[in-house]
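Please find the structures below.
Across the two complexes that follow, chain A remains constant while its partner is chain B and subsequently chain C.
Let's look at the complex of A and B:
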């Protein structure tokens, strides 16, 4: 169903009139996203009685704002204290925290905020324009294509390992091994769980994330304080730094745009998560950069790429939900409950029966991102002050909040212990020159990769050539080979020039 | 499958009415429930069990001092995590309940041999629905009838999308293959929604799922046959036939059934509390609000079918027996 200009104007006007639901949604989403362990779907489930009691459009506006803001704020702790608020923000740590160490915390936050908001805005508007095409895209990308897409993310292990290939690959393989813990994807038979019920679901993401990043970082901070090493550079927050961050965003506008679209494409695929998008975006951003060697040292595009992609996912996830009635992720599944409770059946007919809801969802998302701008830019200035908090205050705070976060996700004491164990693993890794992100990539992407690979092989009835049976997959394979070969060729060329 | 036993007749209704009056008194006398209920759901948030439990609990809450139901989701290992956690780590005080899908979860129980015993540790006492397993395809699939599927599967192995390998629908298609010498390759997608996508995007040739999910898809999917002696959703599935009737096979009735469960120890320790639950739950089926909420959740009301403790136990034990019969095909252990 096509909408005329007046109908679009009406949708935007109605969405803006729901500001009273959008603003609390944004505030709550920002608060929850900062804390590892508190996911948007858990928050929405807790708030279900509230949203079910609300008017449909207001409930949707509230849920969408919370969801989008949650994706945005996961980058805040990643930048300030090297602790990603969610798996989708893990790639932000690589350059975000390095910027903080260089005294550019405020710029990094502005980069993250603007990339997130712009990425979300661009993709929500794009969805409104390309909805019929995008709704079909999720049906074109199947298990075989997903295998290759996830491999793009996994090759980031090799990229991170570039400085010390052996250690990098050991870290990545260790992560992949951990990712294999849990029940197998075909017969649901437990593997390597050592009888721990808590590991049947696989290695839980939140305690691993918290341990590898937060606890290990707290231990490093403590060590630096007692050994008298200088802490991360910090200086008084200034509006000039906010403006500097905005300038960087303008310079890298193209980077924001294409990584947002990458996030949108990944989000459209049901079941594909934000962390696939953010790692693939980081890897691709580095690949096409003229200065790939700067990645990992506090390079602004290293913050922009994962953050923009992470928020591009938000609109993509809702495409299969609204267009084919199949939720693209767990947050979308909870939103579907609310819609169904209100008597609204999602799916193709929704666009004829209730266009105000079908298109309205994406209009609300656009409005939510617009309203986020005045809320978050001042936040960059004040949030960046976290780095000025003395170590003897920030370390207990980090440890307390994150260990609670480890418990909150599944309410297992086991997860708190696991976070501490991974904290020690992370600390040892950091001190001995291993990249904790390599381990995390293995834990995050390993199980999804295995699931899609096994599915593809079963579809091929054991024939490995099934992986090369689709034209789209073959194009993706070619791109993957190029993305691996190009940096190697580039490095060799540089080495030859240097030798000459 | 719908038998006289399943229908609530006049005498049963009078009995229920009487029991309800007693239960009302019991609620008032015992002071039970004293707090909100904590419910373990061994599948994911937003899934079928979640929606169904929520559509039921409003009506039930009214009969239980207005106490609310608080849900926790433990979807791991085909439900094993939720069940083990419920049995081992939740107090057996009748304030802790489980809402599960008896079919697939009893198959899991038979195949994985988890650390709890049925029915010694857990008792289902209120079945909500009977959702027949079915074979379905895309609306534009070349397979127009179930006979076309079997004929093609005799020529080449067909890929079958399923939610889990340990599932009644998976057993159904394997049994059909056994009976007709057709070859089916099961591909598990880990949930109803991904299974539907796999059929929609043509990754799999056909799909097998509980029929309510296929019907929810409307005109995009076509149901070709049901693993039951009668298709209660015939009007919504273009009269899809019973597979047994088409091929003269004797595949058992295979369906998913969601039910409320309690610790068996809680029944022994607090018989008065259990009586309140057992007697109030059937009354929810008379509540128009429940049927309305059920329909709003996108579920066909024809599938609503109350079953008491005896019916649930009989069904669950039947599923365990069936899973043991197909153990070789359903589990990794050969």
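Let's look at the complex of A and C:
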């Protein structure tokens, strides 16, 4: 479904009218993004009770602005104290911290902020232009193709998000199994519920999410950050430095543009995310630079590339979520859960059934980035005064607030216990090399996978070969096999080279 | 000293996954095919993947590259803290129906921070009192989520004329 000019204007007007949800989202996203270990999904999880109580559009506007701002501010501690606020800002440390050591902290912050906002704006506008094509996906994707797409998405997540593909696949399949808990859709007979009535509706997503991400992260933080790091200190507070940073951004406008598109492309791949995008952008930027030897010494393009790509990911991640119902990353998975709670099923039909949501998400993102501009430049002047919150405060706060959040969804104390159980599973998974994202996305996709699989099997009258009956599905199967085989082949080749 | 890489911990999640899959198979064995097709397809793939992992680990152990020792990488002191912290959260959940959300959360935050070494009284009291009051004001009063109520919530409801005083 394509929108006319009046519909677009209406979407923009509605998004601007949600400023009361966008501005707090931005402020909160900026604030928590500087706290290492506080990822956008964790923040959204803590605030789930608030978003679940809002109406759909306001909740989305709040989540999206928080998500975008969070991606932006992850670079602040990376630049100031060499601790990335999020995985996506890890590459920013390389040149950002060197700039700080050279007394250019404020310029580095301005570079980071402007590259992030420009990268996010460019890509969200680009996605808006491409959406009419993406929305046609709903007309060609049927149950058979969707079964393969879900498996393909899980495989990509396993390949990209986990260090070990086999462990990633096991995590994803374990998640899908957990997602199959509850009464079946045809006869309503309970399956693997351990006798708990609370599991008859299926595995509740909010406690699973809270456990796997927030509780496990708190337990990991206890170990990794208990020693504490020096607080960020103010090193520069001159408006002239802000202007100098702006000048550098204008000089490197092309760098901002192409690395933003690189981020968009990586973001569209389910499971890839900001971490991979920022490192790929940093590496490509260095590869095509005329002065690669300056990278790592406090070179401005070394800050611009990862930050622009990091925010280019924000719109890219939501493309597969909205277009085919496969979350592009953990934050998209959280948003998908909130949308499901509000009765909106994302996927191919969303563009037909709820165009105001499907298109509105990207319009809101554009508006959030526009509203961010006047907020961030003064921030560059004062951000260096931000201090890191000690672990002995953060960890109990995360645990307390998220376990409370687990109750808020269905109002069962059982869900709090479930969050704790999944927290332990998540902690063990993280510490033994299994990526919690693949488990979560498995749980999330489990019921959807079952629905499409049953529909496909019914069309094929129980014959599994129906899954290989469509040309599009067969192409996807081939891609799935290649996506598993290629990394294995490359790994073997590298091992042989190392042995030789 | 054993220089072989410990791999035992990599078997915890597969063991959970296989155990759950077998339990799932047991619960669906007498159901119609529509009710079990999904679980059986996924479970079968999962069992194949776990078998490959087991073969890989067995191969590495046989070659002397890995051992089946289990470690999650933490030092014993932090592990003890972690277990105590989980116990505090467990106690918080158990205490919820008795004390209500606000008091239980305040005690949980205070105990958690104290356990992790916070000794600065203004911070301890500030965080553990302000946070639960904010939770009460936003989630219980503002949004109306039906959290377990206790003496604090009842007293405040009576004092401010809010619903839930009785």
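We take it that the second predicted complex is superposed on the first by the 278 of 500 C-alpha atoms of A that agree within 3 Å, B and C clash if a C-alpha of one lies under 4 Å from a C-alpha of the other, contacts with A are read in each partner's own complex, and residues count from 1 in each chain.
Criterion: a residue touches a chain if its C-beta (ideal position, glycine included) is under 8 Å from a C-beta of that chain, and two chains touch if they have at least 3 such contacts.
Given the structure is predicted, the values throughout are model-derived calculations rather than measurements.
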Which partner does A:455 contact after superposing on A: first (chain B), second (chain C), both, neither? first
Is A:434 in contact with chain B, with chain C, with both, or with neither (first, second, both, neither)? second
Can A:241 be said to touch chain B (first), chain C (second), both, or neither? neither
Which partner does A:330 reach: the first (chain B), the second (chain C), both, or neither? first
So, A:392: does it touch chain B (first), chain C (second), both, or neither? second
Considering only the touch criterion stated at the top, classify A:57 as touching first (chain B), second (chain C), both, or neither. neither
Between chain B and chain C, which makes contact with more of the residues in chain A? C
Looking at A:145, would you say it contacts chain B, chain C, both, or neither? Reply first, second, both or neither. neither
So, A:184: does it touch chain B (first), chain C (second), both, or neither? both
Chain C-contacting residues of chain A that also contact chain B: 184-187, 189-190, 411
Where on chain A is chain C touching in the complex? 49-50, 53, 166-167, 169-171, 173-174, 176-178, 180-181, 184-187, 189-193, 219, 222-223, 226, 390-393, 395-397, 399-401, 403-404, 407-408, 411, 413, 416-417, 420, 423-425, 427-429, 431-434, 449-450, 453-454, 457, 462
Chain A - residues contacting chain B, complex: 41, 45, 138-143, 182-190, 197, 200-202, 270-271, 320, 324-327, 330, 332-334, 336-337, 340-343, 345, 347-349, 411, 451, 455, 458-459, 461
Which bits of chain C are touching chain A when the two form their complex? 9-10, 12-14, 16-17, 20-21, 23-24, 27-28, 31-39, 41-43, 45-46, 49-50, 52-53, 56, 72-75, 78, 81-82, 85-86, 89-90, 92-93, 96-97, 101, 105, 108-109, 111-113, 116-118, 123, 127, 131, 135, 138-139, 143, 145-148
Chain A partner contacts - residues on chain B that touch it in the complex: 44-47, 50-51, 54, 71-78, 80-81, 84-85, 88, 108, 111-112, 157, 159, 164-166, 185-190, 193-194, 196-198, 200-201, 203-204, 216-218, 220, 293, 296-298, 330-333
